[in-house]
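A short write-up of the structure that comes next.
Note that the chains are named A, B, C, D and E in the order they appear, and that numbering of residues resets to 1 at the start of each chain.
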Amino acid sequence: MILFDLGLAVLVLGVAAWTIAAREMFSAVVGYVAYGLLLAIVWVRLYAPDVALTEAAIGSGVTGVLLVVASKRLSLLPQADAPPGRGLKRAAAALSVLVAGVLAAAVLTLPDPAPSLAPEADRELAATGLGNAVTAVLIAYRSFDTMLEKVVLVLAVVGVWSVAPDRFWGGRPAPLGPPRPDAALVFLARVLAPIGIVIGVQMFWVGADEPGGAFQGGAILAAMAMIVMMARLTEPPRIDSGRLRLALIAGPAVFLVVGLAGPLMAGSFFAYPAGFAKPLILFIEGFMVLSIAVTLPLLVAGPPSRKGEE
Amino acid sequence: MSVLLGLFSLVAIGAGVFFFVAGTLALLRFPDSLSRLHALTKADNLGLGLVVLGLLPRAGSPLAALKLIVLWAIVQLSSATVAQLIGGALRRQDAAE
Amino acid sequence: MNDVLLTAAGIILMTVAAGLVRVLDGPREVDRMMAVQLLGTGGIAALLLAASATEVAGVENVALGLALLSSFASVAFVTASPGTAKRARAGER
Amino acid sequence: MTPAETTTAGGALLVLAILLPAAGILASFALGGRNAEKIALGSAPLALLIALAILAEVWRSGRPIVYAIAGLSPPLGIALRADGISAAMLVTTALIIPAAGLYARAGFATPPEKRESRKALTFWIMLQAISAALAIVFVSGDLFNLYVALELLTFAAVPLACVEGRAETYAAALRYLLFALFGSIFYLLGCALLYGAFGTLDIALLAERMRPLPAVTAAAALMTAGLLAKTALFPLHIWLPPAHANAPAPASAVLSGLVVKGSFFLTVRLWFYVLPALPAAGFDAILGALGSAAVVFGSVLALRQARLKLLIAYSTIAQIGYLFLIFPLASGLHPWTVDGWNGGMMQVLAHAFAKAAMFLAAGLLYESLGHDKIAKFSGAARAMPMTFLTLGLGGLSLMGLPPSGGFAAKWLLLRASVASGQWFWALVLLAGGLLAAGYVYRILAPALSSHPVVLKAPPRRAGEAIALTLALVAVALGFAPESFFQLIAIGRPGLATAGLP
Amino acid sequence: MSPWIIAGFVGAGLVGLGLYALVVNAQPLRKLLAFNLIGSGVFLVFGIVARRGAVGPFPFDPVPQAMVITGIVVAFAASALAVALMLRFAEETGRVTLDPDVWTKPKPDDGAEDQ
């Protein structure tokens, strides 16, 4: 048991060190993708399947695509900055060792028995009608955070779009794939996407009671949208499309409206009426899945870079 | 779980491990990219297949078992495609050089 | 049994990690992608084994997610490679 | 376990203060085009009303107002709390944001031939996002909720810094983003340790359960380091001048006047509300010393700038430095901490108004002269007297000359440092004032000459009026009545007994 | 030694490694990778806290785990924004740098584009 965990730990740290030491940017990014995979296993060992799923889908999968594409484009350019001097390296190493040491000491001296909200979270679980406590924290106890975080995603989309040249405003982001994609890729997209959509929807649906939920399901759906776009079976949408904008805000907007209606239904903002909580939560989550599934591919696609007429 | 099933799991998983080792050796030892690619995809898919096979008796429910099989099928599909894509990229690069 | 499963997971993980040496020395970008692809498959196998040993509920979902996304980095690599990017530019304009 | 904290009268206002701009963001994005501007400006009076209502309620009840979201009390749920400083900051935000908005109508209107423009949509959405993020920063009682607020602030501020779309603004925005991300991730790391130690991230509960553990000291150090990077305290300031100076004037006004105050406010929350029981006298001195270094360093660099907007941006670094004197001068249970606290908070408000006014004025100068090179300002004061009056009044507050909010702030800080025997901070205050006089003089002196000047465009009267109004508020703060200081003492632990008559 | 203690060292190590890389690497994409390393280290600390909070029948405390999920999504959004800024800057100037003054200096020959 211990050997496995130790080996995994060494591996994670080793790959992380490699992403830093790699001379070429592309190798570093490839190392990072491998690193994300390993982290998912660490999360399983920490009894956090919900997090493992999120890490696998977003931390490794979607982020991997984003970084691979970026490194490919940037590595074509000359690197302007001089390499760091030895003094800077030493100072940085000293600082890093200090921070890591302090952090390790702090973690190891955390009080025993550890404080926990697990019993409280479980006690309130009945009122929500959910079986998955992580989902309950996200959508019920700390729903305010989750709603705001969805607003952050909307801002991220606006931020990414805002770097577009003015003349392309309202147009489409660059295509994700080559003009004549490989037949194999098209085949993969055609077969994988339907399976992935079923799995994504299922993950959202079971998320009320099992590991999974709106984030994970939405991320899987987003990944399927991305592979379909990489195979050029569909194109990134025009950014001024009304339907697109509605899909992007659907999650936070429905969440916000339900939260605002809380005082009428249940006596408090963001409270759910007794006995009606679970359907309402699934209702909100459904829109969140939609928003996440649309937001993540758009964040990867980047700002509009062509007119949308074609 | 019966002793027999347990034994079956062990044998299958053991064989799976063997194929992973073989695949990695191929990746490290084979002389050129294309032959590495060839050996790799075969080995690691067989490896995963055997591990999945070994875990089937331990799956909690029929649905969980089905998920394992679907998973294996997905990996088969993806890795076959990726092998082809990488092969194509190799050809293009070789042509360009 | 759990220890056996974890041992198997450990061996697979260590083996495919050895494959990461390819990521380190290439020599070509394609070799690096292959190593990551192998790590993906091996990682899924190790995850399944470790999960079976740790008895965390619903880990099949995690493995399923990984399986769906295992090809993504490689696909992105192939579609974003300079050759194809140049073709893309030529094709779009 | 303490009895669960429940919602007080007026608590719902706190939720509304956040949800109003949040809903504005979503609606602006969905409806697009000119609607974004209409929604941003249309909701501003409502936001001000809510802020004033919160202020009135805090004042009336004499204690913080609370709202337990979803009816769930901490630790499982999130509580919002507004005390005296929250109310003051909410009102300040609700005044400066619409001022910047009204000023920006000229530059960020959607062109008539277009349905929607990039610059306009981005600006109006991000302006509302800043007001939403700051509202959460000022009223949230939960450290993780505050993390989300910090991220909201980052995602709003960075695109504003590069909304002009020139190459150098992208580099500046990227550097800003990386610093901000570093800041929030270290803040989050501290949150993880605090949760591990006490099982909650609620500020009030943490204060109750606080005991000196290694994890707490580590958390305090990490979170402070992160927040300092976001506040641009020396030596983590290098991202600020290019980001603030290259943004369009109304954005600079908001970024320099308000956004950096958000992370400062959180630093204050952390040290005075979560950790006052922590016996770590060293931290106070370190923060004070960094603040002092910032005052000197920022002012000297401001003196050397050739461009007005860069000068004002460096002056922000110096003025932020003063804020950190609050840590050595207002912590502990001494009689002089009242002065330290009042002075620090007054500096937050006075700088917010003065700096916003000066950036708006700099924008007007740029529009009319076509440049912002200080050396070529000769005679400009005659052509644009209102604008230079604004710069002068804002400068008055930066220098700390009477009558101005800046004077009140520095005077109080000076009194606290003398009363506490910490004469060193008094030297910093005096030196900072002299250096500020130097750079304000550099702006005004050439402009007052009788050199003839040709304006490219006549100054916008409305813009001039808005900038001047903000500068006048900065001056008027110098006349703040005693009741103002009573307000900002409401809900402040340790000071309540000493501060109220 | 239980898994969470090992994970504690991993988390601390990742934060240290990431911090080093953030300071030392000049290239913005490398800095972004470093930020993501620090981020995952921080998330691991949350994971440890959650695992330590196992009480009775509950194998973990769900609250920190939920916070990690929120954090991962925000970190991705941040990466996307940073990448967008980098690519746009590179497109404008033909360079990759964080220094806002460099753009004014003359460009080198753009020979790297065609290989």
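As a working rule, contacts are C-beta pairs under 8 Å (C-beta built on N, C-alpha and C of every residue); 3 or more make two chains touch, one makes a residue touch a chain.
Because the structure is a prediction, the values reported are computed rather than measured.
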**Study point:** Number of hops, chain A to chain D, where each hop joins two touching chains
**Key:** 1
Practice item. State the smallest step count from chain A to chain E, taking one step as a move to a touching chain. Key: 1
Study note, to complete from the structure: Farthest CA centroid from chain D: chain B
Practice item. Sort out for me whether D-E or B-C is joined by the greater number of C-beta contact pairs. Key: B-C
Review point. At what distance in angstrom does the C-alpha mean of chain D lie from that of chain B?
Key: 56
Point to revise | Cα-centroid distance, chain A relative to chain C, in whole angstrom | key: 18
**Study point:** chain A-chain B separation of Cα centroids, rounded to whole Å
**Key:** 27
**Study point:** Centre-to-centre distance between chain D and chain C (centres being mean Cα positions), rounded to whole Å
**Key:** 46
Check your understanding: Which parts of chain A, given as residue numbers and ranges, touch two or more other chains?
Key -> 1, 45, 47, 62, 73, 76, 99, 103, 107, 110, 114-117, 121, 141-142, 145, 149, 152, 156, 159, 163-164, 182, 185, 188, 192, 195, 199
Revision key, fill the gap. Where chain E touches two or more other chains at once, the residues are 15, 32, 45, 48-49, 52-53, 59, 61, 63, 67, 70, 74, 77-78, 81, 85-86, 88, 97-99, 102, 115
Practice item. Spell out, as numbers or ranges, the residues of chain C touching 2 or more other chains. Key: 33, 35, 56, 61, 64, 68, 71, 75, 77-78, 81-82, 84
Review point. What residues on chain A touch chain D, complex-wise?
Key: 99, 102-103, 105-107, 109-111, 114-117, 120-121, 124, 140-145, 147-149, 151-152, 154-156, 158-159, 161-166, 169-170, 240, 242, 245-246, 248-249, 252-253, 256, 259-260, 262-263, 266-272
Check your understanding: Which part of chain C faces chain A closely enough to touch in the complex?
Key -> 2-3, 6-7, 9-10, 13-14, 17, 20, 23-24, 26, 29, 32-33, 35-36, 39-40, 43, 46-47, 50-51, 54, 56-59, 61-62, 64-66, 68-69, 71-73, 75-82, 84-85, 87-88, 91-92
Review point. What residues of chain A sit close enough to touch chain E in their complex?
Key: 1-2, 5-6, 9, 12-13, 16-17, 19-20, 25, 28-29, 32, 35, 39, 42-43, 45-48, 50-51, 54-55, 58-59, 62-63, 66-67, 70-71, 73-74, 76-84, 88-89, 91-93, 95-97, 99-101, 103-104, 107-108, 110, 114-119, 121-122, 133-134, 136-138, 141-142, 145-146, 149, 152-153, 156, 159-160, 163-164, 215, 292, 296, 299-300, 302-303
Revision key, fill the gap. Per the touch rule, the chain B residues reaching chain C in their complex are 6, 10, 13-14, 16-17, 20-21, 23-24, 27-28, 33, 36-37, 40, 44-45, 47-48, 51-52, 55, 58-59, 64, 67-68, 70-71, 74-75, 78-79, 81-82, 85-86, 88-90, 92-93, 96
Exercise for review: Sort out for me which residues of chain C touch chain B in the complex.
Suggested key: 1, 4-5, 8, 11-12, 15-16, 18-19, 21-22, 28, 30-31, 33-35, 37-38, 41-42, 44-45, 48-49, 52, 60-61, 63-64, 67-68, 70-71, 74-75, 77-78, 81, 83-84
